[in-house]
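Starting off with a structure, shown below.
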Amino acid sequence: MAARPSDYPAPFDWRDYVSVPTDPEDERIEVGVLIVGAGPAGLACAIRLGQLLEESPETAEKLGEVPVAVVEKGKQPGSHLLSGAVVNPRALRKLFKGRKVTEDFPFLQEVHGESVYFMTSKQAFRIPAPPTMRNHGNYIASVSQLGRWLADEAEELGTMILPETSALKLLVQDGRVVGVRTGDKGLGREGEPLGNYEPGADLVAKGTVLAEGTQGHLTGVALQRFGLESDSPQVWALGVKEIWKVAKPLDRIIHTMGWPLRFGAKYREFGGSFIYPMGEDMITIGLVVGLDYRDSELSVHDLLQEFKLHPKIRKLLEGGERVAWGAKTIPEGGLGSLPKKLHAPGVVFCGDGAGIVNVPALKGIHYAIESGRLAAEAVFDSLQPGKTPATPGVLASYDDAVRESFIWKDLHEVRNMRQVFGKGFFMGGALASMATATKGRMPRGTIATEPDAEHELFRTDRAKSYPAPDGKLTFDKLSSVFASGNRTRDDQPSHIRIETDVPIRIAQMWVNMCPAEVYEIVAGDEDKETVSVQVTPSNCVQCGAITAKGGRLTPPEGGSGPEYTNT
Amino acid sequence: MTTLVFLEHHEGQLLKGSLGVLSKAAQLGGDVAGAILGSGVGGLAEQAGRYGAQTVYVVDDPALAAPLPQPRVDALAALVRDKGIENILFAQSVLAADVSAGLAARLDAGLNWDLVDVSVQDGELVGKRPALADSVYVDVGWTQAPRLAIVRTGTFEPIESGGSATVEQVGAGFEDFSTAATMVEQAHAEAEGVSIEEADVIVAGGRGLGSPDKFALIEQLAEALGGAVAATRAVVDAGWYPYATQVGQTGKTISPKLYIGCGISGAIQHKVGMQGSGTIVAINKDANAPIFEFSDFGVVGDLHEIVPKLTELLKNR
Amino acid sequence: MTLLARTARQGGYSSEPMKIAVCIKHVPDTGSRRIDPQSKRLDRSGEGALNSFDAHALEEALRIRESGGDGEVVVVSMGPEKAIDSLRKALAMGADRAVLVSDEGAAGSDLVATSYLLAKALEREQADLVLFGQQASDADGAVLWAAVADRLRRPVISQVAELTVAGGNARGKRQTEFGYDVIEAPLPAVVAVSDAINEPRYPSLKGIMGAKKKPQDVVTVSELGAEVDRAGESGSRTTVLALSDPPPRGDSIKIEDDGSAADKIVAFLVEKKLI
């Protein structure tokens, strides 16, 4: 029996998440511009709008009492933000031109040096950094802290931030996006209202900016509603990382490839690790693996644990203490997987949610900020006399601006680099080098992607080498979930849509894939061919891996999930 | 050094916790006195002498009949001032918390609580208390007398030193506001029994039980030990036992003197809810279960055989 | 679930308008708690949130206010400037006004100093009912209400799992080690409620958006009319001397059951004097 996750699609219909406003008109909450997601893209948009509205009181007046509102499903801005991260400062400089200088930005430190290693299980060979990965002039940052800082800046410019608020449905009227409906709170496991049930509300706005990050829920719904999905489907990687307090500071950023991932084309194991200093006494270490992998025993969480035992790596951590953990997916389809248009009537798509990530350079944050800034300008422009954001075509100026920006130029250059690794490490490496050398002119055209869930699974004995957790250097998944700050209410309805009776190979894949131990095979089913999958949704850190591999993540109750502070 | 111990009583008996603190005070030295406040409580004084009090102050007044805190603050404040008492110790209880805090405000005196040890260093009282879910210990002190302290339940065992005390009857005056609250109905235990946060003994069940009906084994063991039943998140999620009994990060935090975990792996989400327990016994068939990392007595075995046997043995003692 | 349903389930709330003050605390996030090695006190510089026990007190106040038709719910807190976040959350839930006592000179206040300052703030409010949450999750305010009640010279009822306010009296079902007492006190009174009393509401979006517009006063110690040297460390009567590691758990024993495990457990419990 071929075990292909896409043969067992999730019971999810985008139509369930699109609606006209249903609250009585006087109960709808009206804002001027609604931004979904308090990440770098959404907040950059809010900040730029704040700057423009400061200079244009007439436009501000049109937007009413709350000109700019940002809804965020996490406990506060930053709670759901996770990345490496090494940030290119150019977009922040543009955003704060004339108002702030680089020293004002909440970076941890400048990149002092970098090394790239090719790993085997016992050794590490230094190799020259590929041109796409040179980070001179860039800064190390915690995207979670950056988010909190950007949120403060946005609030100072008049943005209202609404945390613990999930955007569950897209409000569409007469073919135009008019806002979102927020999620209910206080529902029990079967969806029944509890004593403190608080229904969601219709949040209507003149213009909506979807900046939800990877696997953006409403972005996915909107692309389906307006027929904007790219012909080249989006693909993702799963990144799992830890933050450690260490005895010895690290003097440079490190990237590795090779072990513990396998080279053969059949495995489709694309990715590598990153190790960055975070000031004098902390480092962050993470592993990123493409979700097109095929071995049902692959567990990125456990590969990271294994990786830490490498003699060269454990030296960096010895005597230290793990202080945080987190996981999140990264869209890897690049230029070819961007939506057909970055807008529809009344709505624009920004950042990771739209797929704006430069995979070979491992950069997404500054593109997110730039896309947010351009979105703000387009939305502001669409509010000028004679136009509205909802008029079809008006927001096309956003697409035009993105095409003319460094976002498009960079993404075009690297547009094929991820896809070629589907041919295995060495072939991929060769083609990638070709792409680099020709600045993207070769290979010609854009190579299509294949959805992660369509790759047939097989099983190896990979799990044999995952280390038993020792609680000091290596950890089990539940300890990791704890270290993400997750203390989600246990009796919420499940926000995860999956087919729960599946062939054992697929169930095993989910069990291993999920870094938060959300999925388990029901006790007693382990020897069957078709098994039942048990879901513990309160463990979920909303990384999004399940959506790539056959299921579908939807937003749980606002305020749930991890509480990242320095990831 | 003069020390006064608040001796709480219930239904004609001085409480074990108070006697434990009294025994410790006697050990610390100096002049040790006990205070018994109530109505018709003269007969309890003799007990106090046997556990180390040299003097027992009895304040007998109808206003003190009900176990309400504020009249006790009035009585103790007067006593402390009249007798020049330096240290006033309480054994943790619902009543003691209110009395000691009210007294601290009345006397503008420092109060340290949740102490797991008290000692005398350089002639002055020093306390030790756990913090951050018992992961770190803090030495605490006072800037001056009077020094008030609440000792964590179960810290000190009562030790009969066989002495006898001088009993002094003390009169009391009460503030109007202190006697404004009245007892309409005094405590009668609810059908559910001891709440898991108050219980001295907890027997907890987890997924290893296999099915909800196996909680009967846990209930029987708890009953044999006079304790309460607790559950893990996993079994509460599965509907095997009520949420009110859930112990852990998203449930209750408990610190009984004895915790017996059956079929519980000991994931950190559960551990943070019970790691302050005095003694931890674990029964699990998986030798690698994390609970064995922090249990005092761990048994790798089948709980379905061990727990009923254990219950039997305890019942026959 | 409507307001009507919420209050109908409780029954026993007065229909007279009342002024209720709720004391709330902004406590450090459970995940990132640490003790500052310099001050040896809990590090309050990071992220924090509304103490969950205080949310129950606030919920109770809101229910009482709702059934009385009119009246006012004021939230009072003492802490660093960022404590305003928790006060805003309380306003979002439905409180009418917030008062924050924030003063560098109040940092490091122990029970004596804190109860003194809070009492000063509450005296200004002259509330009919002062509510506290039964516990602070940072374990610092575990007995505050009784100290405050003494300074305000008001009756206090603590550990209240069910509260009725009617005819100028507060009647509380109080949870003790021996079962439930029922205690009655005339208003004005101080009541500390347990987390069993109710399920706190979620702030509605409208509530969150409206919170910013509600009155928020930040006052210093002297603006309160309080004596500066009775605040902070100078006003405290307790000290923190040193930090240490908890005692090791002692030798842990692990055995495999050969049929005699139950006997061995009993022997162990006897040795430890637990049975």
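Descriptive notes on the structure:
Note that the chains are named A, B and C in the order they appear, and that numbering of residues resets to 1 at the start of each chain.
In this section, a residue touches a chain if its C-beta (ideal position, glycine included) is under 8 Å from a C-beta of that chain, and two chains touch if they have at least 3 such contacts.
No experiment lies behind these values; they were computed from the predicted model shown.
Ranked by how close its C-alpha mean sits to the mean of all protein C-alpha atoms, the top chain is C.
Contact tally for B-C versus A-B: the pair with more C-beta pairs in contact is B-C. Our note on geometry: subunit A versus subunit C, Cα centroid distance of 38 Å, whole angstroms.
Look at where the CA atoms of subunit B average out and do the same for subunit C: the two points lie 21 Å apart. Mean C-alpha position of subunit A lies 49 Å from that of subunit B. Annotation for subunit A: residues touching 2 or more other chains are 487.
Residues 29, 66, 69, 75-76, 160, 162, 165, 182, 185-186, 193-198, 201, 203, 485, 487, 563, 565 of subunit A touch subunit C in their complex.
By the touch rule above, subunit B contacts subunit C in their complex via residues 10, 67-70, 73, 93-95, 97-106, 108-114, 126, 130-132, 134-144, 150, 157, 175, 177-178, 180-190, 195, 198, 201, 225, 257-258, 279, 281, 283, 287, 292, 294-302, 305-306, 309-310, 312-314, 317. Residues 468, 471, 476, 478-479, 481-482, 487-491, 536, 538 of subunit A are the ones touching subunit B in the complex.
On subunit C, the positions that touch subunit B within their shared complex are 33-35, 40, 42, 110-112, 115-116, 139, 142-151, 153-159, 171, 174-186, 189, 236-247, 249-250, 252-257, 261-266, 268-269, 272-275. Against subunit A, in their complex, subunit C makes its touches with residues 1, 6, 9, 29-32, 46-47, 49, 198-206, 208-209, 212.
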